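So that we are looking at the same thing, I have put the structure below in structure tokens.
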Amino acid sequence: MSASPIDRVAKATPPKLARKIRGLSDRTIAWIFVAPSIFLLLAVNIFPLIWTINLSFTNFKANRPGREIKYIGLRNYERILGDSDIWLTMQATAHFLFWTIALQVLIGFTLAWLINRKFKGNDLWTTIIVLPMMLSPAVVGNFWTFLYQPQIGLFNYVVSFFSGVDPSSFSMLGEVSLAPWAIVIVDTWMWTPFVMLICLAGLRSIPDYIYEAAAIDRASKWRQFWTITLPMVLPFLMLAVLFRGIENFKMFDLVVQLTGGGPGSTTELTSINLKREAFEKWRTGYASAYAIILFVTVFGLASIYVKALNKVKER
Amino acid sequence: MSGYSITDPTRRQKWIAGTLVVLYALITIMPLLWIFMTGFKSPVDAIAYPPKVTFQPTLEGYVNLFTTRTRVAPEQLAALPPPETWYEAIVRNRNMVIAGPSRYGQRFLNSVIIGFGSTFLSVFLGTLAAYAFSRFRVPLKDDLLFFILSTRMMPPIAVAIPIFLMFRTLGLSDTHLGMILLYTAVNISLAVWLLKGFIDEIPREYEEAALIDGYTRFQAFYKVVLPQAATGIASTAIFCLVFAWNEYAFAVLLTSGNAQTAPPFIPTIIGVGGQDWPAVAAGATIFLLPVMIFTILLRKHLLRGITFGAVRK
Amino acid sequence: MKTTRLLAATALTVATGFSATAVSAEELTLCWAAWDPANALVELSKDFEAKTGNTMKFEFVPWPNFADRMLNELNSGGKLCDLLIGDSQWIGGGAENGHYVKLNDFFEKEGISMDDFLPATVYAYSTWPKGTPNYYALPAMGDANGWFYRKDWFEKPEIQAAYKEATGQDLREPQTQEELLQIAQFFQGREIDGKKRYGAAIFTERGSEGITMGALGSLFTFGFKFENTPGKYDMEGAVNGPDSVKGLEFYKTLYKTATPPGYTDAYMEQSLDAFKSGQVALGMNWFAFFPGLYSDPDIGGDKIGFFPNPPQKVAGSMLGGQGISVVSYSDKKDAALEYIKWFAQPEIQAQWWKLGGYSCRKSVLLDPSFKDSQPFAADFLVAMGDVKDFWQEPAYAELLLAMQKRLHDYVVADKGTAQEALDKLVEDWTETFQDEGKL
């Protein structure tokens, strides 16, 4: 290597200082490098988490500075778990989770499988399909309310064009029977490409020789799909499901813009419900307990799932 | 690879697959095209039934996006001197005059400041941490890595409760600094995970050679490793930027005016009586277009980045 | 190279982050909802700027987000607003949590007397605890929920004949809630001038306060009360008594049988839209919008008529309106107080009404010429005569959101019966007042 400015600096550094710098053990450097990130995460994630746990045992209300803060034990938890309305929001969330994941896996996998036929220009079209997931859910969700408007909305018009139903006769966001599907449709539109990309990575990781061997064994295409393609893509697919599951459990922006939880409480997902409790009703203590319950739920489900995933991978 | 392979799809298969994918792609960009088109429609065309595909394009939506207007009586309007600019003329057509600029420009600027500020910070800190995790034996490494990832499992609303109280105490509510720090903290987990993958791929031998040449660790890091990881850093930066750019939940809860970004603002654009859809569409177009262009231009790196966490074993 | 540029960008960022919080001394920010009267206030304030040299900045938030964002701002101790025209129900929280500056001393010093303002507005917009002489706001904008209708349709002979045939009565401005429903149902689905029209545009919004504001108009007239004994929080039998149940069932019937299709989440803007586009014969909205409606080139003038919320068992109108307060976190309280002093003057208040703002000052409202100054002025006085407000408790947001949920679940989402909805509401409210230590 030729003498770069750094070499010159290195040479010009007094031996004592150089030894000092070089003397920083790798371990010290590692800590210097890691510490700021860990510190930030502690300050913005862990410290608040502990604070939330503490608040969850109180009757604190953030909009009432003058009020006495009392520890009320597990009262908040009892209230939440005993509240039938909260179980309804859990049901709404489960419906949303199940159907978005089911549709996204189905469509996403199919698309990946088709794209993997390597037709001409597939990477450009892949990019176009990916566009929705790169965009702001709040901004796009807000615009979807326009597409969903009875009569003038594009969505209703297209549906009526193909089905003959009067476009002003149904309101995707306003009707109890349709609203849960309206949010599933938009989420699927937005996030199918994510599942698709992961599946594509899975499909591309399967070496050709396996198929070649199968073809020599005269295994039918159908059989190849079930015995090679699917099992080899499964770990990827499960990972995609995990990511989508966690993301949609946290779902807030898109649905808030679309329905705001309505009509009634039909699409009031847990995050929306939590926002009402925490930042509209300002029942901070109660909402903290709620947040902890949600966190434990996601964390628990995710851990069980990851165990299952690892088993599949080992197979 | 040339020649015949039994696993290659036939031309017919390719053709069918291609058609289906293109069909899906066309359906999927319809809503985006519709946003773009609505931005150039007049308010009447925007809510026409049946929805209009062909129309006389106008910049009224964009004018409405960037201005606030007041209605004046026709006789007062007639008394005014003729409009000096084309946008004033558009507004006059609706019996209104321009009262001043709207807040859109400021909100957009906030998005730029907070987006780039937090991206820079998270990539900077993330690169350091990722390097350390990749190269050194950090005690409790796996636990720390898992901890970093698990911070993304919390619903933002749940995190926002204590953050709100913290910001209130520290005076960070509705400030650029507060939002930059918050987005950095959220992004850093993604940054560390992505960057660790990229740095893992750089052979250690390069640095070791540099160390033997008399470089210190620091020098080896920024002379040898950083240039090698440049692509990885760039695509990580884009992911962080996209997140900060699109974020809504924290922004809506923790900002109200000074530091409010565009996503909570755009849905509140209203005209005289109801949402002004052409103006909303214009605002959305300006806000979404940069991301779309980025995505198309940098598709090779981005697509790799999205699946990175999944592909890594 | 790249790094230095990025560093510079961050430095800039940090700098702007700080500078954004420090504003020059004479620039006041006034926060309010984004609606017609706000534009009038901008116009009116030019006089203040000219006279005092202070400059005014305005932060107007659309109604659906107004409460959410402003209360969040107050609760985070934000300095965005120096002056806030906050909704009437916020006064309890504003006073008890120290968001608003108490104005008694200031009023005394400047010789501003609350006796110069309409008692109902002082009670509703300024006092906390209710009715005591502790003032946290100056009544700024009187308002109530009222009705408007297509006078041109009402006057068509063929429509009058058809109405007579259908109901045996003459078509007129409704005198009772039942008559209102009957008229709305008559217009529902009727073809006029070759287009299908609908009955009434009412409030059904879920997110903020819409359906509560709309339904309370009917509930009050059917005999709904918040408490059996004022101040005792004894809601059982008042909130969910037979009168209240009837009132809520009435509102649901109105919604189900006489509103345009897809009208599931409508508040002020949607009601105005439906009326202005000729979809409906009747519309419900705040008086604040009436000047704008009257001057509308398409449906205003001769084509529109106004009436206050008709009585049923008793008279009653939903109160709207706001007082103007000084935010205690502001660094420019003196200038903000100066604004209030300027705003309270009789001639400014007269100008306020002329520009389309509803002054609460007696010198304006009790002036003999007031009733004829606008076609809806007399109706406004009638409505203000029997207004009732929602709870103004510090816990008002909790109380309101509970009612929003119960009403929307029953009226729009068809869950349960009116009795069940109101029973649950009593449970919710009891819980809240227990938390508050008031029960």
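Think of it as A, B and C in the order they're written, each chain with its own count starting at 1.
The rule we apply is simple: contacts are C-beta pairs under 8 Å (C-beta built on N, C-alpha and C of every residue); 3 or more make two chains touch, one makes a residue touch a chain.
Bear in mind the structure is a predicted one, so any value in this text is a computation, not a measurement.
S.K.: Hey, which chain ends up farthest from subunit B, C-alpha centres compared?
M.R.: Relative to subunit B, the chain with the farthest C-alpha centre is C.
S.K.: Weigh B-C against A-B on C-beta contact pairs and write down the one with more.
M.R.: Most contacts of the two pairs: A-B.
S.K.: Once you find the CA centre of subunit A and the CA centre of subunit C, what distance in Å lies between them?
M.R.: That gives a centre separation of 39 Å.
S.K.: Can you work out the whole-Å distance between the CA centroids of subunit B and subunit C?
M.R.: 37
S.K.: Rounded to the nearest whole Å, what is the centre-to-centre distance of subunit A and subunit B, using the mean of the C-alpha atoms as each centre?
M.R.: The separation of the two C-alpha centroids amounts to 16 Å.
S.K.: Note the residues in subunit A that touch 2 or more other chains, in rising order.
M.R.: 62, 151, 279, in rising order.
S.K.: Multi-chain contacts only, two chains or more: what residues does subunit B have there?
M.R.: 164, 168, 253, 275
S.K.: Considering subunit C alone, which of its residues make contact with at least two other chains?
M.R.: Counting only residues that touch two or more other chains, subunit C contributes 72, 75.
S.K.: Can you list the subunit A residues touching subunit B in their complex?
M.R.: 1, 4, 6-7, 10-11, 18, 21-22, 24, 26-27, 29-34, 36-38, 40-41, 43-49, 51-52, 55, 62, 107, 111, 114-115, 117-123, 125-132, 134-140, 142-144, 146-147, 151-154, 157, 167, 189, 194, 197-198, 200-202, 205, 208, 211-212, 215, 236, 239-240, 243, 246, 249-250, 252-253, 256-257, 270-271, 274-275, 278-279, 284, 287-288, 290-292, 294-295, 298-299, 302
S.K.: Along subunit B, where are the residues that touch subunit A in the complex?
M.R.: It is residues 5-7, 9, 13-15, 17-18, 20-22, 24-25, 28-32, 34-35, 38, 47-51, 125-126, 128-129, 131-133, 135-138, 144, 147-148, 150-166, 168, 181-182, 184-186, 188-189, 192, 213-219, 223, 242, 245-246, 248-249, 252-253, 262-264, 266-267, 275, 277, 280-281, 284, 287-288, 291-292, 294-296, 299-300, 302-303, 306-307, 309-311 of subunit B that touch subunit A.
S.K.: In the complex formed with subunit A, which residues of subunit C make contact?
M.R.: Its residues touching subunit A are 68, 71-72, 74-75, 93, 96-98, 206-207, 261-265, 394, 397-398, 401, 405, 408-410, 412-415, 435.
S.K.: Provide the residue numbers of subunit A that touch subunit C in the complex, in ascending order.
M.R.: 59, 62-66, 85, 149-151, 168-171, 173-176, 260-266, 276, 279-283
S.K.: Touching subunit B in the complex: which residues of subunit C?
M.R.: 6, 9-10, 12-14, 16-18, 20-21, 34, 39, 42-43, 59, 61-62, 64-65, 69-70, 72-73, 75-78, 80, 269-270, 272-273, 276, 295, 297
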